[in-house]
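When the chains are written out, they are named A, B, C, D, E, F, G, H, I and J in that same order, and each has its own residue count from 1.
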Amino acid sequence: MLKGIPQILSPELLKVLCEMGHSDRLVIADGNFPAESMGKDAIVIRMDGHGVPEILDAILKVFPLDTYVDHPVSLMEVMKGDTVETPIWDEYKEIVTKNDSRGDACIGNIERFKFYDESKTAYAIIATSEKALYANIMLQKGVVVE
Amino acid sequence: MLKGIPQILSPELLKVLCEMGHSDRLVIADGNFPAESMGKDAIVIRMDGHGVPEILDAILKVFPLDTYVDHPVSLMEVMKGDTVETPIWDEYKEIVTKNDSRGDACIGNIERFKFYDESKTAYAIIATSEKALYANIMLQKGVVVE
Amino acid sequence: MLKGIPQILSPELLKVLCEMGHSDRLVIADGNFPAESMGKDAIVIRMDGHGVPEILDAILKVFPLDTYVDHPVSLMEVMKGDTVETPIWDEYKEIVTKNDSRGDACIGNIERFKFYDESKTAYAIIATSEKALYANIMLQKGVVVE
Amino acid sequence: MLKGIPQILSPELLKVLCEMGHSDRLVIADGNFPAESMGKDAIVIRMDGHGVPEILDAILKVFPLDTYVDHPVSLMEVMKGDTVETPIWDEYKEIVTKNDSRGDACIGNIERFKFYDESKTAYAIIATSEKALYANIMLQKGVVVE
Amino acid sequence: MLKGIPQILSPELLKVLCEMGHSDRLVIADGNFPAESMGKDAIVIRMDGHGVPEILDAILKVFPLDTYVDHPVSLMEVMKGDTVETPIWDEYKEIVTKNDSRGDACIGNIERFKFYDESKTAYAIIATSEKALYANIMLQKGVVVE
Amino acid sequence: MLKGIPQILSPELLKVLCEMGHSDRLVIADGNFPAESMGKDAIVIRMDGHGVPEILDAILKVFPLDTYVDHPVSLMEVMKGDTVETPIWDEYKEIVTKNDSRGDACIGNIERFKFYDESKTAYAIIATSEKALYANIMLQKGVVVE
Amino acid sequence: MLKGIPQILSPELLKVLCEMGHSDRLVIADGNFPAESMGKDAIVIRMDGHGVPEILDAILKVFPLDTYVDHPVSLMEVMKGDTVETPIWDEYKEIVTKNDSRGDACIGNIERFKFYDESKTAYAIIATSEKALYANIMLQKGVVVE
Amino acid sequence: MLKGIPQILSPELLKVLCEMGHSDRLVIADGNFPAESMGKDAIVIRMDGHGVPEILDAILKVFPLDTYVDHPVSLMEVMKGDTVETPIWDEYKEIVTKNDSRGDACIGNIERFKFYDESKTAYAIIATSEKALYANIMLQKGVVVE
Amino acid sequence: MLKGIPQILSPELLKVLCEMGHSDRLVIADGNFPAESMGKDAIVIRMDGHGVPEILDAILKVFPLDTYVDHPVSLMEVMKGDTVETPIWDEYKEIVTKNDSRGDACIGNIERFKFYDESKTAYAIIATSEKALYANIMLQKGVVVE
Amino acid sequence: MLKGIPQILSPELLKVLCEMGHSDRLVIADGNFPAESMGKDAIVIRMDGHGVPEILDAILKVFPLDTYVDHPVSLMEVMKGDTVETPIWDEYKEIVTKNDSRGDACIGNIERFKFYDESKTAYAIIATSEKALYANIMLQKGVVVE
């Protein structure tokens, strides 16, 4: 634990977030996401027992979103014909808005299989125990300016 | 995640709990415990962002306490002259009682430096973000009978 | 060993089953299957001395089958012209039926060489000493819901 | 699998049995034995799901017992005052008799804590799921002569 | 060393032979074969100081040849125009005949560069000090039945 | 780089600072300190090209000093008879005062060889290029409270 | 630290510079460059807290620039339409001129995505905390003659 | 050091030369050759401080050149238009002649970029400090006959 | 294989013999010697299928015996009361005599348990399949002079 | 190779010299020194084919000798009764004098077995092919000042 840094960020996660650079991507995956097989070329960090929102909130306190692209935050698009509700997206919008001046305008959607493909080239994948549906989220790192 | 197994138990923690045998000891440590240096000869598992009670509760669902000793659960004794309250112990007692027929009678105290010494020979140490005082707890594994 | 978890599931196997996610595949292979060469990119777990049915039964107690596909369980199709009997399939059907509400309807067949190809991309392969013919079986993991 | 070699002997176990030399010791431990902590300096081989007798029988087919000592086979002595029965010992005697001309005369007892101490310096420890009481057994390798 | 197992089979070789499955291939190479470069994706086992026949004979005692193909044993074809004699083949035929009911009918030839290509995908390559010409031999593992 | 975290703290250093617990010690060593040999049991982090003060300042922004001991900050005592000046200590005092309410009262001295001995059991040693004399400094981590 | 060698060159960096040969390339990257993901096949050296100019200056004291190509030094071209100023390039020119007789004539530009592509095949990438814009620089090693 | 073996051959080099087989290639590279990047798939052996001739001479005492090809020794062709002298080639010819009955007839030339390509698939590359121009040399191993 | 070096010396053994220095000791052990457990701190080289004499003979061709001690060659003393014959010692004497001008005068005896103790600090142990009794032999390396 | 750095210093040796600190010791050993066994806790660097003087000379160009002790350079004392000449010491004196203002006054002697003991705790040992007698030399690193 360190002063002023959210305690949910483990030493290893802190290291990974810090060594990522401009345009590197991070996936915060729900509890059923095949994180180990998708992340064969990535760093996989396990955060069993946690939901996505508390992790997202902590990460955005230290991790800048990319301002060079329109949608540095990506959600997995609801599949055609699927009538599922995605209330967790509202939580995400609130958290993003709290941490980025563009608000939820910087959140985009990616079609499901494209989301998987991009996950395979992400820098890191965080495996949570999140149970909400369509809860996977991808963040693209921005530039740290002072 | 698996059916019927608490989701806070990560794949690695499940493996460690399963490979421990009769009389091996496990420490669930609070957020300021020097888990890495105490655990140089142990397996250290990080569970940043979690408190001790939720982990203890999940572990006792699959992990039998030793019935061959009087106190398979050990707390760190309050130091002489210290007037601190330890409300978290009541939570621990409730959790243990729920999972072991002996109830809180199987919980004992260990003097602080003895606790540290025993931690150094534990099989595994779980590093949490628990903030309560005197929250470290040590469990001795019992026999699985059917 | 842990309370309430089948003892045939080794610590390592438990870890692997737990870290698999939705749509990851697992092969339980017979005693002559070339598990090491097929599994160069997979995790290979040896369970010498065991047959497939007892392992299958234990795994399905904790491992949900995929409900998003019709046949989350795959057997290797009997080759054309081969008149061999496959009595072990009846055992498999009984075990699957005991553990999945769809019963044996969720069991499909895969042509032999396709089975090999899919094995090469499985998450894990369990090498048994099963002697029955056409005894290889592949499981696709489903979603854990509570 | 190989011709004429019991199939319960895994590739790794076969390698370990073969590389052991005269006077090296092997422990076949029951399901609650703390194999990993006792075996920190040994090779630990997991055989979850198996009992001790079937393993003992297979091992003695290829592994000679030491003829230079009186008791190359050691059981853990029943503790004073303990009235437990040890029917598994009869199975052990039968298996040993079948494989060594000295019969059960080559089986001795070791006091419990001495047994633990010797386990720590064994060459290898096999972790089984054996549930019988006092089922741990230690074998000392003899000389292969033709 | 183990009872009843040829002593020329090292612990590691025994492990490799045992973990091979149906259709995996093994090359026993002569002393000048580039075993390390051909075997970059294989397991290379050094048996310096030995000839091929004594190794072949020991291996076939425990290793079944594939009965699903006509020629589970392959020799490297004499190159066109090469008038060299290959007396070591007669030794091979005798050894194979002693260990497989099909006799030398199960021995085939592979053109030189095809032999090299197949070596690159073999499961293991044994590097010997054999000096005879055209002495490389490839074995395809069969099924162990009881 | 991360928002709000001093950029001189590398990903690895951040991880190490975060995983340290209450009472673990950290040495920031000058350019001639034998960091690798003193730190055989420690984590050694190289920060070539930097002086000690800028690192100390950055670390104290996130790293709490131990409040359970009088001198969580230790300097290496000037040897008897040595008339050297230690102007860098004034910089250290200013930096510590800026970051800890006890001010420079929490800085103590340790005799030179005792300093070396304690360095050998430190959790981590940072190797700098600091050229000032008597510039080694040791920090003992405190408790993070919120 | 060594006599006559700039102290900002860490032991590991010195080793890397020394083992590079004619035509190998080195990237000194700014603080937001995705050094770890670009450098998956390269050696990544962290120099957090440093700017590029002081590192460039130290490296050129021991590292010859390639004289067989026109532009052994490459900057990342300002993107079309971007009106940013690049004052740090003047510093680079001064440093290069001080160390190479060709002066700033040996500095060329590479289009941004081509720069990224070449970075992926560089021998090493140095990750700095440089904040200036368009500050990435690539060096191609020349021949050491005496 | 060993009796009768040139002392410039290090233990590791001796091992590498010995494990090479018929047709494997070895590059002895000059001091500016990018040995590490060319040799990513090869074994790189550093012999800093040595020139090529003394190494070539020692190697040829134990290493047979391939007699199945015309030019088992390859030099890097002088580039068109380059008027450089290559006096070191005379040394090479003398050394080869001393060790191979074919004399310098077994030395061929390879165009520069082809030389680089072949280096990438060599079994090993020796990095020297040789300063002569066009001093790289490649050897193809032959058959050891007695 | 290399020219002029006995082919029974594997690449790894050659490396080990070469890197040994004055006074380092090597054990050539018989087939029942517990080479792996005795050699926990040594390099263990397996030469299954070989007897000791052919290895001893090959080694002494390149390995000088220590001339600074009386008995650089040590045999394991026959135990008191043991009436066994040791004909293999005559072979050893002949081989040593052939390779060292002192003849068999440089061969001494070491009491059995002292031999074991010295084996534990040997530089390397060679595990053979030698079946003769009292066949273990220890060599102390001498100085290479030219 | 680097500009202005002796080419006999390999990348690895340069790294080791650079990471050594004040009072760390380095042994440059002759060709028969048991460098690997003496250096089990040290870094061993092989420089086969080189004598000690050329290495000593190159090292002292970058490596300061300790000025806090009288004899930062140590030779192995000639044993009592030994009448050997040590002409190589004169070379060492000349080299040291050339590089240190104290001249050969900073060279001391250490009794043979004490030399061995100190070697075991050295930071690094360089294994050369030096053939001169009593040629081992130990250097203690000093402070780099500018």
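The criterion applied here is as follows: contacts are C-beta pairs under 8 Å (C-beta built on N, C-alpha and C of every residue); 3 or more make two chains touch, one makes a residue touch a chain.
Chain labels with UniProt names: A, B, C, D, E, F, G, H, I, J = Fucose isomerase.
Treat the numbers as computed from the prediction; the structure is a model and nothing was measured.
Asker: Consider the two chain pairs A-B and G-H; indicate the one with the greater count of contacting C-beta pairs.
Answerer: Greater number of contacting C-beta pairs: A-B.
Asker: Comparing centres built from CA atoms, which chain ends up most distant from chain C?
Answerer: J
Asker: Measure off the straight-line distance from the CA centroid of chain A to the CA centroid of chain G, and report it in whole Å.
Answerer: 33
Asker: Mind checking the centre-to-centre distance between chain B and chain G? Centres are C-alpha means, answer in whole Å.
Answerer: 51
Asker: Pull out every residue in chain J that's touching 2 or more other chains.
Answerer: 1, 7, 9-12, 19, 31-32, 46, 144
Asker: Return all touching chain pairs.
Answerer: A-B, A-C, A-F, A-G, B-C, B-D, B-F, C-D, C-E, D-E, D-I, E-H, E-I, F-G, F-J, G-H, G-J, H-I, H-J, I-J
Asker: What does chain C use to touch chain A in their complex?
Answerer: Residues 19-24, 123, 143-146 of chain C touch chain A in their complex.
Asker: Of all residues in chain C, which touch chain B in the complex?
Answerer: Touching chain B: residues 1-5, 7, 9-12, 14-19, 61-64, 144 of chain C.
Asker: Could you please specify the touching residues of chain D with respect to chain B in the complex?
Answerer: Chain D residues touching chain B: 31-38, 46, 127, 131.
Asker: Can you name the residues of chain F that touch chain G in the complex?
Answerer: 1, 7-13, 31-32, 46-50, 54-55, 58, 129
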